[in-house]
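So that we are looking at the same thing, I have put the structure below in structure tokens.
Chain lettering (A, B, C, D, E, F, G and H) follows the sequence in which the chains are written, and residue indices restart at 1 in each chain.
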Amino acid sequence: MSDLVIAGTRLASRLLLGTGGLPRPDLLGPVLAAARPGLVTVSVRRTSSTAAGGILSVLQEHGVPVLPNTAGCLSAREAVLTAELAREALGTSWVKLEVVGDETTLMPDVVELVEAAEELVARGFTVLPYTTDDPVVARRLADAGCAAVMPLGSPIGSGLGVLNPYAIEAVVAAVDVPVVLDAGVGTASDAALALELGCDAVLAATAVTRAADPERMAHALRLAVAAGTAARDAGRIPRRATARASSPTEGRVTWSPGSSC
Amino acid sequence: MSDLVIAGTRLASRLLLGTGGLPRPDLLGPVLAAARPGLVTVSVRRTSSTAAGGILSVLQEHGVPVLPNTAGCLSAREAVLTAELAREALGTSWVKLEVVGDETTLMPDVVELVEAAEELVARGFTVLPYTTDDPVVARRLADAGCAAVMPLGSPIGSGLGVLNPYAIEAVVAAVDVPVVLDAGVGTASDAALALELGCDAVLAATAVTRAADPERMAHALRLAVAAGTAARDAGRIPRRATARASSPTEGRVTWSPGSSC
Amino acid sequence: MSDLVIAGTRLASRLLLGTGGLPRPDLLGPVLAAARPGLVTVSVRRTSSTAAGGILSVLQEHGVPVLPNTAGCLSAREAVLTAELAREALGTSWVKLEVVGDETTLMPDVVELVEAAEELVARGFTVLPYTTDDPVVARRLADAGCAAVMPLGSPIGSGLGVLNPYAIEAVVAAVDVPVVLDAGVGTASDAALALELGCDAVLAATAVTRAADPERMAHALRLAVAAGTAARDAGRIPRRATARASSPTEGRVTWSPGSSC
Amino acid sequence: MSDLVIAGTRLASRLLLGTGGLPRPDLLGPVLAAARPGLVTVSVRRTSSTAAGGILSVLQEHGVPVLPNTAGCLSAREAVLTAELAREALGTSWVKLEVVGDETTLMPDVVELVEAAEELVARGFTVLPYTTDDPVVARRLADAGCAAVMPLGSPIGSGLGVLNPYAIEAVVAAVDVPVVLDAGVGTASDAALALELGCDAVLAATAVTRAADPERMAHALRLAVAAGTAARDAGRIPRRATARASSPTEGRVTWSPGSSC
Amino acid sequence: MRLTLNGVPLDVDVTTLADLVGPLPTGQAAAVNLEVVPRADHDRVALADGDVVDVVTAVAGG
Amino acid sequence: MRLTLNGVPLDVDVTTLADLVGPLPTGQAAAVNLEVVPRADHDRVALADGDVVDVVTAVAGG
Amino acid sequence: MRLTLNGVPLDVDVTTLADLVGPLPTGQAAAVNLEVVPRADHDRVALADGDVVDVVTAVAGG
Amino acid sequence: MRLTLNGVPLDVDVTTLADLVGPLPTGQAAAVNLEVVPRADHDRVALADGDVVDVVTAVAGG
């Protein structure tokens, strides 16, 4: 697989990283070094909030492009405002668009999402929407001009992996823009599976930041994304309901059928 | 995770490789270079058979230790004979013990398997038995002195991955010797999952040799085994039925509750 | 569980039936007798089409209420027209609202679906929308005044069952109106599972009409829906990772620990 | 499907019931009335133990044949003794043979199991062994003269259902005697699935006795077994990766392609 | 008058919808130019040249 | 005579198994030294000092 | 002048947005009444009594 | 002498196993009547009429 290109920009990796949830801010540097992500998401919050800032210098130091998100927004209107704040603050028109429809499951509200995507594209943003695993919505987002679509594997922070591989494959089949599996990755095999299903990249946040050893998990996911990419390119064997011998069936030395065995 | 040690021997990798099924013998070298396996299995067959020989020099060239198998044997007696032939031919007392009980599923016959394992241990072999995902049988094999146990994820050559992760975890819990997932691996995520479930290594054959691009799949599995190992060591997040935000929930800029949003 | 009530109407069964796909029209009567469904869907088509008509008299004979659908509609506008045709033709304001967004997967277009639902509710219809397994969309539909929501288990006619049980449970938790699992049921266990996950009813079409023996499968699904309903009401045992004996552990007759056993 | 016949005896139902674990002994009668099982297992224990006795009169009252088990036995020798005690006490030569190999998972020890089965068959017992989901062991048991085989779906009392449907299908394919899914059933859909996979019957114990409402769960499982049996006989639709319309695709009334839709 | 009935061009000499489609049995409905016409209005709705008429019936489906 | 009955040491003065356990109801069985004794033999089997006797009954299980 | 800054009521004597928030470092942005004000306009945008001002910064998230 | 070599009947005039199979390269082994004969004994093991000889080699597998 050649490099991942989103909106004409070549990314250094098919692993994207969220930064929220690290137990200590000083872990971010080692995590970035281990993950070598293609993009790193940040949020924008009031300077007076308790949210940890000072993150940009660390990102710059590691040469990782920043992708602001609109996490927490409950309407298209809020998301557009947040995207505008992020563009002004960070000097990038890229945005990971999130419009949450349910504060328990943190599932996207796809109706507001499509509306926000259309508005942001019209305003010149490069929009990467966090969406459901619905291929029809994914195509709507792609048709609206989104630069990629980011379907969820399972709810944010759940670590349940890809609950519906069939749906993720349908999303991949439905759009021509890159597909980034977002949300739900819990461990390496989840990330590898996403690539094998046809996703172009994986975004992990909680899986890394809340792992017992975030740096090591960052490394694990980097390897897993590379493994999944290579496996997909290698053309896996078909699944078979019956066994197939991997050793020669002829030429064994044994008692002849007639002998007492 | 420290290096894998079986019967006191430190292996160079947690990926073991079977060699049967390559479309062209000259692919073996590149596959070994890409996989860098800790052990490579071979079969012993009559010199007059059509099975591809000349394999040893390639293995030596890549410095990979050989692990003869008893593939195709249908009884303990046959397996012991085959192991003795292999020991004489290859100068190693290590043997991957296979006793097949069903020519359709190629599932092990565990009754004959335990008997063969006991006999081979008594004859001084280092025995690595291919077995089912039954923890009680696994413990019997370990108690019989086997150096490792090799439960199947799914039938040989099926590419169905780990059909019963619960059982594999039970095998891991049941024995003190290394557990090598054998049979059923189809792609990278299967291999990573095996390590995450607690296996100490993975053996792949068909997944590599019959992939569209064996060399690339060999590389993919090497990465996947490393990814699964690192992920297991990193301590994954627990699975949760509900979502958990990865971005700060405070400090968003938005309309006040009273305003018309 | 008490009877299923939708929009104030008590239904005779938690099994709803689609009628398309029967190999012979005369099978409909026996199928209805075996299924005893609470509602039966029909489509409206031009009288000149080759679609099998004459269905209403059979439904009347079996005393089953009819639920016209808007199958095949690709936009809200088409669905509203079709619903109006159905209301006029059949004298019922109930409609199973379908707006297809993708002719390969036949997945709903949820954006058009919500729009159509709002319009039909405004026009006085009792709307039962066929939707995805997205809890946020389900809540939007309920908030729009739909009388029930009908999430898919898997694509129409696929027989893949409930691909994402987690999502179906989330839909059930998200809305106060009845939840009818629609699409994807292939066999009895799928239907029972839907009820156990909290659905209030199951709609089956292809599973019955294209089974080798539609009448028997109709009977099977009727039993399965009853089984799933009873099981849910009975309060199943929790899933446990470890075993728990179901026979007394004390009082066995055996050799004492010290004896040679 | 015709009636279930084991060892020449026609059973009244494909649901078999274990009796251990009821919160109150007086629930047994209502549970039997709701389940109408084909066989009911009991254990034999010292009269001085605290285990609840007085069970036989209830079974007789409901006309249910008794099937003594050897639950808790850890060796072939113990199991044979227990079977002999049961035969003498209950006047039946039928025995559900259990030889446990691991007190955590309560998994069978198949090596001892096969040995015990051979001995009991030689002693004239009608042997129904509780075994793993290993088709090769199942065939050994059938070859040893067992009247049925009873593979586990998942560990006793776990309620995890059928962890490896592939393996259960392999067991069904491997033997000519009836296959009874034993252990692991948690709810109705599990029981229906077992029948659909080709099992001839299901044994449930904990699923019923420890449900919040045992009587209702007994009823649910009776319906589920009937549903699964009928569904299997009905010949389910094949699983398809793509959708297939269940409503006519021709004859819809809509705007012509050229009009502004 | 030139009409389209269920997608098929037609040259007929009718005045109202009822003239064209007659009394519809239960389970059928008619639309003119993709607007449903209630049964009671069939003999009050005049057809015009170029009108598109559709008549539908309930069929097995769904 | 010193016996063990269902795991409990016992000092009793009996001759046969029947003396010790009496007539067993349906659903029960007895074993001496872990050998089952058929009901019909209970009054023919003499007990000896040190014998281990067990009496079992059917209980809910499985 | 009474303002709200990041949700907190404030009584200050300022004329422009720049007066209130000073030069913002990279990674920060300001909005007045929920309209983003480009950095270059901070000293041209006059604040009025009752205005709602927000200043945001990039933080770990997502 | 009539032998079977790798399953094929053979009429040859040899005395020892070594006569028949020659020096085996690494990776090969020989058995007579399904008993493995160590390499060092090949020239000490006499063959008899009817003996079954097998020579195996390592091949790709597993």
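Criterion: a contact is a pair of C-beta atoms (placed from the backbone, for glycine too) under 8 Å apart; a residue touches a chain by one contact, two chains touch by 3 or more.
Computed from a predicted model, the values in this text were never measured in an experiment.
Colleague: Fewest touch steps from subunit C to subunit G?
Modeller: Counted as steps through touching chains, the separation is 2.
Colleague: Could you please state the distance in Å, as a whole number, between where the Cα atoms of subunit C are centred and where those of subunit F are centred?
Modeller: Between these chains, centre-to-centre, one finds 61 Å.
Colleague: Any idea how many Å lie between the Cα centroids of subunit G and subunit H?
Modeller: One centre to the other, that is 93 Å.
Colleague: Can you work out the whole-Å distance between the CA centroids of subunit A and subunit B?
Modeller: Between these chains, centre-to-centre, one finds 29 Å.
Colleague: Among all residues of subunit F, which ones touch two or more of the remaining chains?
Modeller: If we look for residues of subunit F contacting two or more partner chains, we find 31, 34, 54, 56, 59-62.
Colleague: Considering subunit C alone, which of its residues make contact with at least two other chains?
Modeller: 18, 20-21, 43-46, 48-49, 51, 69, 71, 81, 85, 104-105, 107, 160, 166, 205, 241, 246-248, 251, 253-255
Colleague: Taking all chains into account, which pairs touch?
Modeller: A-B, A-C, A-G, A-H, B-D, B-G, B-H, C-D, C-E, C-F, D-E, D-F
Colleague: Taking the touch rule as given, give the residues of subunit A at its contact with subunit H in the complex, in rising order.
Modeller: Checking each residue of subunit A against subunit H gives 246-248, 251, 253-255.
Colleague: Provide the residue numbers of subunit A that touch subunit B in the complex, in ascending order.
Modeller: The contact residues of subunit A facing subunit B are 18, 20-21, 43-46, 48-51, 69, 71-73, 75, 77-78, 81-82, 85, 104-107, 155-160, 186-193, 196, 205-207, 209-214, 216-217, 219-221, 223-224, 226-231, 233-255, 261.
Colleague: Mind listing the subunit B positions that touch subunit D in their complex?
Modeller: 101-102, 104-105, 107-111, 114, 132, 134-137, 139-140, 154, 160, 163-164, 166-167, 170, 173-174
Colleague: Spell out the residues on subunit D that touch subunit F in their complex, using ranges where they run on.
Modeller: 18-22, 25, 28, 41-49, 51-53, 55-56, 66-69, 71, 81, 84-91, 96, 98, 205
Colleague: Where on subunit E is subunit C touching in the complex?
Modeller: 5-8, 26-31, 34, 36-39, 54-62
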